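This is the structure, below, for whatever I ask next.
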Amino acid sequence: MPKRKICVVVTARPSYSRIKSALTAIQNHPDLELQLVIAGSALLDRYGNAVDFIEKDGFSIAAKVFMVLEGENPTTMAKTTGLGVMELTNVFYNLKPDAVITIADRFETIATSIAAAYQNIPLVHIQGGEVTGSIDEKVRHANTKLADLHLVCSDDARERVIKLGEEPESVINTGCPSIDLAKEIADYPYMDFDPLEKYGGVGAELDWKNGYIVVMQHPVTTEYKESKKHITETLKAVKALDYPTFWFWPNVDAGSDGTSNGIRTFRELEKPTNIHFFKNMDPLDFLKLLNSSKALIGNSSAGLRECAYLGVPVVNIGNRQHRRSRAGNVMDVNYEQAAIEEAISNAIEQEKYESSTLYGNGDAGVRIAEILAKVELRYSKTISY
Amino acid sequence: MPKRKICVVVTARPSYSRIKSALTAIQNHPDLELQLVIAGSALLDRYGNAVDFIEKDGFSIAAKVFMVLEGENPTTMAKTTGLGVMELTNVFYNLKPDAVITIADRFETIATSIAAAYQNIPLVHIQGGEVTGSIDEKVRHANTKLADLHLVCSDDARERVIKLGEEPESVINTGCPSIDLAKEIADYPYMDFDPLEKYGGVGAELDWKNGYIVVMQHPVTTEYKESKKHITETLKAVKALDYPTFWFWPNVDAGSDGTSNGIRTFRELEKPTNIHFFKNMDPLDFLKLLNSSKALIGNSSAGLRECAYLGVPVVNIGNRQHRRSRAGNVMDVNYEQAAIEEAISNAIEQEKYESSTLYGNGDAGVRIAEILAKVELRYSKTISY
Amino acid sequence: MPKRKICVVVTARPSYSRIKSALTAIQNHPDLELQLVIAGSALLDRYGNAVDFIEKDGFSIAAKVFMVLEGENPTTMAKTTGLGVMELTNVFYNLKPDAVITIADRFETIATSIAAAYQNIPLVHIQGGEVTGSIDEKVRHANTKLADLHLVCSDDARERVIKLGEEPESVINTGCPSIDLAKEIADYPYMDFDPLEKYGGVGAELDWKNGYIVVMQHPVTTEYKESKKHITETLKAVKALDYPTFWFWPNVDAGSDGTSNGIRTFRELEKPTNIHFFKNMDPLDFLKLLNSSKALIGNSSAGLRECAYLGVPVVNIGNRQHRRSRAGNVMDVNYEQAAIEEAISNAIEQEKYESSTLYGNGDAGVRIAEILAKVELRYSKTISY
Amino acid sequence: MPKRKICVVVTARPSYSRIKSALTAIQNHPDLELQLVIAGSALLDRYGNAVDFIEKDGFSIAAKVFMVLEGENPTTMAKTTGLGVMELTNVFYNLKPDAVITIADRFETIATSIAAAYQNIPLVHIQGGEVTGSIDEKVRHANTKLADLHLVCSDDARERVIKLGEEPESVINTGCPSIDLAKEIADYPYMDFDPLEKYGGVGAELDWKNGYIVVMQHPVTTEYKESKKHITETLKAVKALDYPTFWFWPNVDAGSDGTSNGIRTFRELEKPTNIHFFKNMDPLDFLKLLNSSKALIGNSSAGLRECAYLGVPVVNIGNRQHRRSRAGNVMDVNYEQAAIEEAISNAIEQEKYESSTLYGNGDAGVRIAEILAKVELRYSKTISY
């Protein structure tokens, strides 16, 4: 029997670490063949080209899709998505996969969904059923309605997808593959690499060995004109605290230019001496960095997922993760310097939390591959009510 | 106060008649300005260019969007949609509407939804919440999840949209604008025009004045390779009955080439003497033709909607309208000559049915305009559960 | 040493027969590998899908590119070309050819040129240096300026390309590959197949064995609004002569809808009894049909090329071949029924002409392959003056 | 009589200053209406968004076209061009200009040419007929073959366009509009603004009032993999000389990432103390800066054009301006630190040269507007030989 060809489309650097353990499991499964497509900002140097990491991890890339239209505004986001539909349609036409996987809820993930669904290719949606603010909320649930099989990350998400009219047997809680990575490094009691040496970056030369925090704050697309103001509040808070800080540049998104611009302006004017900036990091190294840190600050979903499992305190700023399920490690604050400053201070004082399995217990990748090998694939469905 | 600019995107000939009364009401409303965009197959001569009718009806067209990629297969359907996203993004960027209306569930309607939602323009979905088979089913509910306001056509549809997680106050049953047109002509006891004379067409010169039937059968996209076989069953049944028949060419869709090809082959080989073919007809004339006919045959949604109101018997063939609400005038049959033949015979014998208001009572257009003038517009939402 | 990969892009049915002998020679050459790309209208049933012929001829297709935007007007022609650039860029990126061949001067051939030249892939232009009217004239010479190697069909063309500033050693007269096919069948004294039986088609059942003519008339893009009027003059002339006629439907081009529409309208109204219509024909069969005919009518370049070699009389109508080199077999007339009628009458009376080698002597394909195997390939050049 | 609508497409920051005086003259001409389209990198912050300058200069923008696909490699250059064809086709379809102007030879200018020529809109090419290396060479002459009217900048260029087969009466030497700006500021004996204060930028705080040089070096697309090495030679030479230097970031082009990356790496590692970096400058201010400088270094065409008129010494590095006409102010050197260093030293010592009118005498804008108002416009042509 020929192997089932499973095509996974990764459109951004952070999506790669969210899916990596599943990629490995698919590649290793005797009945599956992995077709890995790298697209969008995952290909761009400006946002931390993920290709090098991916190839070093032993994956071969079936197709590269340049589709990001410059401009970082809502108009170019929409056009990037349209272009993505056209390009990915070609890719699937050529690769002839037995199933296509679209990941989560970034704006361009709907391009994967349309290109597969319209060509009668079974569509698998990973990480559906969650709740957040911003355009991601619309995209995620639209992906659910286009998909035929739903591999979700929590019981809460599973219930929600079923409420959305999907047949219960097509909705399976596998846990989140990002937790698999977290599990891999959870026992590192100390950092086994020097981030300054290994990743370069720019900014202050930190003495980080006695404690540091990590910042990762993305623009929120439905508030994209405010990006610069929002990031500046966080920058002021972090500078005022004068605590060693590793800061990651944002994703490509409408507003990322505002965010990046805010960071650049602040650096030029305020010359903070406690912040070092990175563009990108190998996902495992990033998790080790988080695991040994005092706290993660910003609005990355890593705060709610991986940090829940690792027990790392999180200061979650603003609306980006609005209503997404969270464990006890998360403190929510608004875009205000004072509140952010206080929350970070508290987080630094805080011991690590108990590990939570809210988003899985570390075997999601293997479970996903198992399901993909056995499930009956279909490309047509009708709402359940 | 400036008028609210309401942008309506019509992507196919049949969508125009489904929305026409709303266009009129928006145009006439003192607080609204209509921006009418004609796109896709509605512009193409091959599928019955709708522009002439539209301009004759007194509407001016704000933008024309050529987006149909030739090939009539699932791959070109997907690419047409991607191109549509890019093109409509430009259109909305230039027209700066206060709200965009996307209609129903044709595959390319999701392009309208993405182009609006991603640019933070409030999106209104008309005719959501229904149930059918085929790719339309996925597209319709994905449109719902991208839209901010839902103007549905029946109570059943309203309940379903609310179950999909939309706030009840954002889901309003206005009835279907297509019923408004049906109401306009419902009292025509006889035909006031000669279709052969007015619309030409090709095929047999019918003696239709003592009774005739109408056929409109579209390909079903998820079964697109079967189109030719399916249409041939209907052709054989209709030929065998030897009853005067007006037959309409299908929409542009994956498979329409199979359907068209089936019709052409049958004509060439079988030379039916009781069938006359039309490409297109003014929507009001089409309704008059239906209203005076003995029955509508095929899988057009007009059978479930307008014919319910008009009381015209309908022979509904195959899966295209699977699970869509229907009144007592509809008889469902499979793609089999014998069954089709028998059902048509019965329908011809049948008296007209009582008028049903399942899809509205004829004031949908006016209600839609009222709502658009008054409702609070938003472009962001969160699922209700 | 690895074989040189030669990528040939065929964008329309007639381009295939113009290049077929070169494809064979490239495929058979020990130092070359053929990468055949079929794109544009060559893929569409409506214009006579060429894929079946091509595969039957023993070629495998490296990529299929759907790029034709429906509408058949100057706007969709331009957008089809833009889309072609995007699509072919992907194709070359994946196939990594050592050289790309663009053929002649159809509007979309510039897409091939840009996609190759901008990616620093050596570009070979076949059939440059000729002169005609219409947009083809601009496209052909622009292709020349984008190309690095020029394989032309006549001494006249070679001189013109050199005048355009190309280095003489990069401009080689190989003759036209279409003449190779003509040579193959030049000795057929009679038809070895029955066109009605083998190709079906529609229209009158002709008694063609005692003499017939062939018509092939394309729209002229710079006169696209006149297409219907122009074709009608020819139709009237042909009907009036009442001589057995095989008529081929036109290419996809701005205006082809006018041409097609003119033919359909004429058929419906005038019901000509001496014309049979074909969509498409295997290129060799088409040449046999020409070779046994009394004359070719219309504006096909086959009249100037293949018919020169075969000695078949040609009535060339209008501006499409304006100033292209012609042998003694061509009579030029304007779009006027009377003139066309008289010219056809004369042509039917005329004996065959002497064979002319103006466009080559039948070994172009082999010479092209030889050159491609040996020439030094480059992708950069500077004008010679 | 209605005014002639002249649509000018500006696709990059430097093109704007090359055309500005013509824009003013068109806008002021009683028989002309200006339709200004801003596209491509001219819209992007990363490359110095030109929109602010343009609006401050009193022009209103008829359309903005986002078309730059991220990646800065040959593949995305080609796809950007394809997308540009599609987008600009829409723009011209909507604006219905009487003539379209395409400027010079950047890779994406052919998109303007195709979108106009294929829609039968008269195409005017500005700055054709020159000679350089790189892909620009192919693009420029292809633009000539697509254009109907040629407004060139020098007698040498005029002769070359005529040799390319254009009718002499369609080729007019107007001089270059960029010289008009140079004339405007030619008499500034001193700087009337402080560049550090007015434009910010990053890098060393220079004491520039006693003499400075300006550097502007773009990547060469046909050598794009070498960009980083090339720029580094210049950086080392400039650092070694330790003379106050204003340095401008490069254009968006394949390779600009290499150039930008080279600059960033050098800054980080070598921390030069005599270089200040700017992203962008108002064109008039830029010319004032040049006029008061000791020399311009790099490969900008401003060195050959504006600096010829201003008499500023130029060190021209590498192949980008290969064979373009130059006056006595230009010294050519290769990509070698030692040679560059020596040439800069000499240039700093050198007095200003006599003003040369090789590229015009300062009335090009007015002459262009005059011609556009009076010339007979056509969209079809045939080669002259």
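Order of writing sets the chain letters: A, B, C and D. Residues in each chain are counted from 1.
The rule is short, and it goes like this: a residue touches a chain if its C-beta (ideal position, glycine included) is under 8 Å from a C-beta of that chain, and two chains touch if they have at least 3 such contacts.
Molecules present, by chain and UniProt name: A, B, C, D = UDP-N-acetylglucosamine 2-epimerase (Hydrolyzing).
Because the structure is predicted, anything quoted here is derived from the model rather than measured.
In this assembly, the chain whose C-alpha centre lies farthest from chain B is D.
Comparing chain pairs C-D and B-C, the larger number of C-beta contacts belongs to C-D. Taking each chain's centre as the average of its CA atoms, chain B and chain C sit 41 Å apart.
Among the residues of chain B, those touching two or more other chains are numbered 75, 79, 83, 86-87, 90.
Across the interface of their complex, chain C is touched by residues 41, 43-46, 66-71, 75-76, 79, 83, 202, 252, 257, 261, 268 of chain B. Interface residues of chain D facing chain C in the complex, by the touch rule stated above, are 74-75, 77-79, 81-87, 89-90, 93, 107, 110-111, 114-115, 117-120, 131-135, 137-139, 141-142, 144-146, 160, 163-165, 222, 322-323, 379-383, 385. If you check the complex, the residues on chain A that touch chain C are 63, 86-87, 90, 94.
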